[in-house]
Structure formats: C-alpha cells, structure tokens
Amino acid sequence: MHHPQEPSRNGRSREDLAQATSDILARLRTRAPRIHCITNAVAQNFTANVLLAAGCVPSMTLAPEEIGAFVAGAQGLLVNLGTFDAERREAAEIAVGTAAQKKLPWVLDPVFIERAPPRAAFARQLIGRGPAAVRLNHAEFSALGGGTVTRENAMANARAKHMVVALSGETDLITDGERVAAVANGHALMAKVTAMGCAGSALVTACLAVEPDAFRATVAALVIIGVAGELAAEQSTGPGSFAIAIIDALHNLDGPPLVARAKVS
Amino acid sequence: MHHPQEPSRNGRSREDLAQATSDILARLRTRAPRIHCITNAVAQNFTANVLLAAGCVPSMTLAPEEIGAFVAGAQGLLVNLGTFDAERREAAEIAVGTAAQKKLPWVLDPVFIERAPPRAAFARQLIGRGPAAVRLNHAEFSALGGGTVTRENAMANARAKHMVVALSGETDLITDGERVAAVANGHALMAKVTAMGCAGSALVTACLAVEPDAFRATVAALVIIGVAGELAAEQSTGPGSFAIAIIDALHNLDGPPLVARAKVS
Amino acid sequence: MHHPQEPSRNGRSREDLAQATSDILARLRTRAPRIHCITNAVAQNFTANVLLAAGCVPSMTLAPEEIGAFVAGAQGLLVNLGTFDAERREAAEIAVGTAAQKKLPWVLDPVFIERAPPRAAFARQLIGRGPAAVRLNHAEFSALGGGTVTRENAMANARAKHMVVALSGETDLITDGERVAAVANGHALMAKVTAMGCAGSALVTACLAVEPDAFRATVAALVIIGVAGELAAEQSTGPGSFAIAIIDALHNLDGPPLVARAKVS
C-alpha cells in the first residue's frame, strides 16, 4: 500500500507551505506561547535562547511537584531524551499525562536511542502516548522499530501512530501519513553545534502551539530554523560564531526572507 | 504609614550612588570574591561567565556532602529557584544554614514562583531565614505574598523582613524599607536572553560580598549590569550577539562610563 | 632519585612534538572519535562544542542504566569532578569499570578538590583505578596528596601511578614519569571563561582516543587548545567573544599554524 506524495491530494504547493510558514512565525511573535521543555542539560541554555529569539516563553523545570502546573500553563511540551535519567523519566511521565488532559501538542525527540536499549524502550513507550510529532534522524528511526528508512516506512509509521514523523538528514522528510514534504533548508554548520537539533525540535513544539495542523507546523519549524541557519552562515567564521548568529537571525527573521528562501517540495 | 523617598534622609544623591557603584566594581576586581551559586541548569554557564567577567570566582556545586564547605569558603551565596528540585532544595537548606553561621550575605531569586504553588511556599520559607536581598519581578512579588506591587508595599516588605527588595521591571526599584532608589539602566534585549535576570542576581550577590550596605550593593549591581547591557546593545545585532557582548562589556567596564551612564534616582 | 628531562632519552625535540600534534589533530578530523564525558553542568555545553569543533562526537549521559553502553561504544572517557554529586559518582564508578574492561583511555580532571575533602577523597580513589592522564592545577595537585608542586614530585606521581600528569599553569607541565614537556601556548583570557579547563581536559581525552602514546597525546591536546586560544584572542574584545572565537579557531585549525606556533620544550 503506497502513499506517494500527490500534490493534488495534499493540496500544498511550495508557495502554500512557504506562506503558511510566514504566517506561523508571525503568530509566534504575537502570541508568545509558553513552551515547556524536558530536555538534556547540554541543550537547555541554547534551547531557551532559540525559543526566546522566536518569540516564545520557555520553561524547563523537571521537579515532579511542579512540572504538572508548568505544563498545564503552557501551550506546548517538548520531551527530549538527550540525557536520560530517572528525574527526566519521571518528569516525562507526569508532563505527558498533563499534556493529554489539557489536549496540548507535544513533541518527542528520541536523541541517541540507537546507543542504549533502555532509552529506545522508553521512547517506544512514549510514542504510544500520542505525541503530535516525533523528530529523529535515520539511526533513531531504525532504533525505534521503524524499519528501513524509506519514505513509505516513515508514512506507515506516521499513519499507524497518528503523528507527524520528521526525519532529519541532508533534506528533512516530514509526513503525517498522508502528506509528505521535503525541506532542504539549512547549513552544514548546524551539525557542528551541540543542541542544534534539540533546539529545532523545540521550535517544532512552538509552531504546534500556534498551528493546529501538525504537518504544516512541523514543516514551518524546519523551514524557519533552516533559513535562519542559512542567514547565520553568511555571518559566521565557524561553529562558535554560527551558534550566536543563528539566534540573531531567528530574532530578526520575518516573512519575506522565509518566503523567498523556503525550499519545500 | 508612608515612607516616601526623602533625599535628606537616605542621604544618597545620584552622584553618591554612581560613585559608590564605581567603587564597588573596583573592589570586585581587586578582591575577586568567591560566590557560590545554587542556580538552575539553564543559567549555570552564563552566570559563571558573568561572575568571571566581573572579577569574581564562581562555584556551583549542589552536592550535600560538600556544599557546606564551598559556602563556608565563599564570600556570598545566591539561591535561585529557576529549576526547583529535591537536590536544589536540600542544597539550599544546607547552604543557607552555613551562610547564617558564617554571617555571609545571601540573595534569593524566586524565579517563576507564580507558576507553581510549591515553589512559592519554599520561597516564603527561605525569606524567613534572612536573605540580605531578594530580587524578583512583579508577578513573583505578588506570588510571594507581597500584595499589590507598589512602592509602599515593597518598602513594607523590606522593613518587615530586614532585607533589600529589588523589584525588576522597565525601571528597577530597590528599597531597604527606609531608602528607595530607581535604576533605569538596561536594554530591551536583556529580556530576550535566558538567564540574564539570574546573572543579575548573581551580580547582586557579588556586590554584597564587597559592600556591607546591602542597599548600596544592590543598586550598584543593577547599575553595573544595566550599563553593561547598554554598551553591549551598541555592538549587537540580536540577542545572540548581545549575550556575548554583555560579557565583554562587563569585563572591560570601569568607573568612568559607570559614573557617566548611571541612571539612579 | 632524580629524573631530569633528558632530550636524548625522551627523544622528543620541539619539532617532533609539534609535528606529532599536527598528525594527532588530523586523526581527530578523520576518525571522529566518540568521547563520553562525565562533566559538570556548567561545562557540558561548552565542552560538547569544543569536541565538535575538534572533529569528535561527544556524549554526556549520566544515567546508570545506559552509561555503560555509551562508554563501551566510545573511544575515550572524561571524568570531571566539577559538580560532584551522587548521580555523577555512580556514573563515574560504572563508566570507569567499562573503560577498564574495554581498555579505553580515560582522563581525570579533579576540579576544585582543594575546596572540599569528600571530593578529594573520591579523586584519590579514582586515581587508583588507572586513568591514562590526570589534568589539574597546583592547588588540586597538592590536595590530591602530590606534595609540593615540583617537577620531581609530578614525575614521581606519574611514575607511581603509571599515568600522565598534566599540571596546568602559566606554562603547562606534562610528564609520564620519564619524559617531561612544558607547553607555553595559551592566552590570559582562557582563565576568564568558565569550563575552559574542563574543555581542555576533554580535548586531552580526544587525543588519547587517537594516539596510543599518552604523553604525546596530552602534549598535543594542550598545544591545540593553547594555539586556538592565541588565535581567538586576536579576534576578541573580551571573554565573551573569546569563548566563541576559540570554537571557531579550533574548527578552522590545521597543521601549519600548529607547527609554527607550538611552544613546547
């Protein structure tokens, strides 16, 4: 059973998705959604600064006594498994429960699950609890039991779990099981900055907080971070200055360069 | 019972406070006080770099076995509630006890207490243990039971608890219950960098370590970080480059620009 | 029993060590070793970015369920005691055990052990478990029971424990008990950036992962970070911009400037 990309069916041209991305960024600026992040210690500071630059209000607490209240008051939740420990596992259980109650969108970023079986098992369990989107690379997709990395397998997984699958790579593949988009924005320096992927997943969460169509929200987030990366690379002399320039670029980004530079197909 | 600001009574003109600020910064450079910080994971790195740029020696351990020794060897203690967890609560109990024994000044920064009741309750308990200063925004002031945010309420709280209250906002209000100062230095980009407020509170702690008058120390810290922010903004193209430039500005700051730029009234 | 540096015996001229450093950096670029770091929360982000800039793949998990798997899949292990807590002590026990089984080189960085006795005791116990190298400053050397800081004492310690001792200071002293080198590269701003020393120790680990001679690997790492620091200082206006510029410099560094600038004797 194949579900190839059919432009007539998903009804999204490049122009539609680029314009939607511009609209979603504008909504981030005006609504300033609160995004709660359970993320690894390496990524917390950079992720918070990326969310602030995009117009959001980040929070990061992990304490079981209060994470429920923080998530209940937020508009989106990120669960990143980059440092997998008892504290974050407990935090994730509570936070995902609150998100379900409040019908908040949440995103799973199963970092490095191919490196340790307990992490992969926990990720599989979380997938069963209904994330709006999962963002992962090819090795993580396979470790999650997704099978060989193909467009068809990504679509089948998205359909089976009723979620958006965003496969990162040279070109990102985004699918909700029916629609498929490829996003080719970005720059090689993005792979040389720690937590860049984690921050990208936080931005997916942010876009889900202001756009009910999870497919469009995910495409928008990946275009936004990719275009910011391209703009930042023009100002950078290496990964250190790049990491700073991408925050500036995100902060200064508005619709026209997004529409002009979006590489979505 | 009103305690309006009376220049004749608090004996502080703008020039006096600006010069005191310059003197306090010079003392930070020569004395290099050790400042122990219990702070949230998002803020640790930036806070340490701000303290180093100001001339201090930061430490950050939370381990119950050794935090007493670290605080006993320090000249000031910061307790920031930005990530409120069992480890940090236990660390705070021990550290505040050691600070009391050693008569060290300590500062409470009750981040986000309006978002979760247990955090607010813990903050109220800590207030009872005698911080030299508490630094908080308007929402946090109300959550702490301070009542409506007015100058009179801030003064009443400061007087009742024998501490300096530093209310952050467009203009910062600092009072010890008798004296009141308003500090208008700073830049809008400061709100777009995570941990900027936390680092400001660390700088309050640093100034308390070298200046026995807690009111003057707190004013000095907020002028120093505000002027550094103004200088940084002139070199920045967004919040990423701003966060870097403010570290450089703090490192390079000396008396004359402080005296020239201080907006204290 | 004296073991003075004997050029004829250690067979290392400045040119030999400078060329070895260049070769080791080239190997980092081509082999991209996985380096697992148990390090303090203040240092995690900067350390990861330094390792990425040098061409390595960092990981940082502390969870007991999976740290064994991460270390088993890595080519080097760093144990930094900068935030000494129960979680990291347990992580270190497991990780060092795995490193021994897999015959992986590991490095101990006993940060601030002079400030708290329990930390010093734990460091002494870890020394007994066979690190390839220990990197520490003068206060830490004394706290570790190394005696007065002299070249002879450093050599005696290195010989007794079959490890490389790298004493940081204005000039770094590196010895394996037989050979001794002094590395004079670096810049004063390195002391004004938090986690710079921690990141340097991570780079020692990285070089050990691609060079079996622990003495040459350690010298190489300290020359590399020192030269990167010198290049960064030329682009910097303070410690903020310096911390960014050193990441760029590491990323862009190759053999010729290393060979030209290495100050090894």
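By written order: A, B and C. Residues from 1 in each chain.
Definition applied: contacts are C-beta pairs under 8 Å (C-beta built on N, C-alpha and C of every residue); 3 or more make two chains touch, one makes a residue touch a chain.
Everything quoted here is computed from the prediction, not taken from an experiment.
> Viewed as a graph of touching chains, is the assembly arranged as a line, ring, star, complete set, or other?
Topology of the interface graph: complete, with all chain pairs in contact.
> Looking at chain A with chain C, do both copies bring the same residues to the contact (over half shared) or different ones?
different
> How many angstrom between the C-alpha centroids of chain C and chain A?
About 35 Å, centre to centre.
> Scan chain C for residues touching two or more other chains and write them down.
Expected reply: 41, 45, 243-244.
> Using the touch definition up top, name the residues of chain A that touch chain B in the complex.
41, 44-45, 48-49, 52-53, 58-63, 65-66, 69-70, 73, 87, 243-252
> Mind listing the chain C positions that touch chain B in their complex?
Residues 40-43, 45-46, 82-86, 112, 115-119, 192-195, 236-241, 243-244 of chain C touch chain B in their complex.
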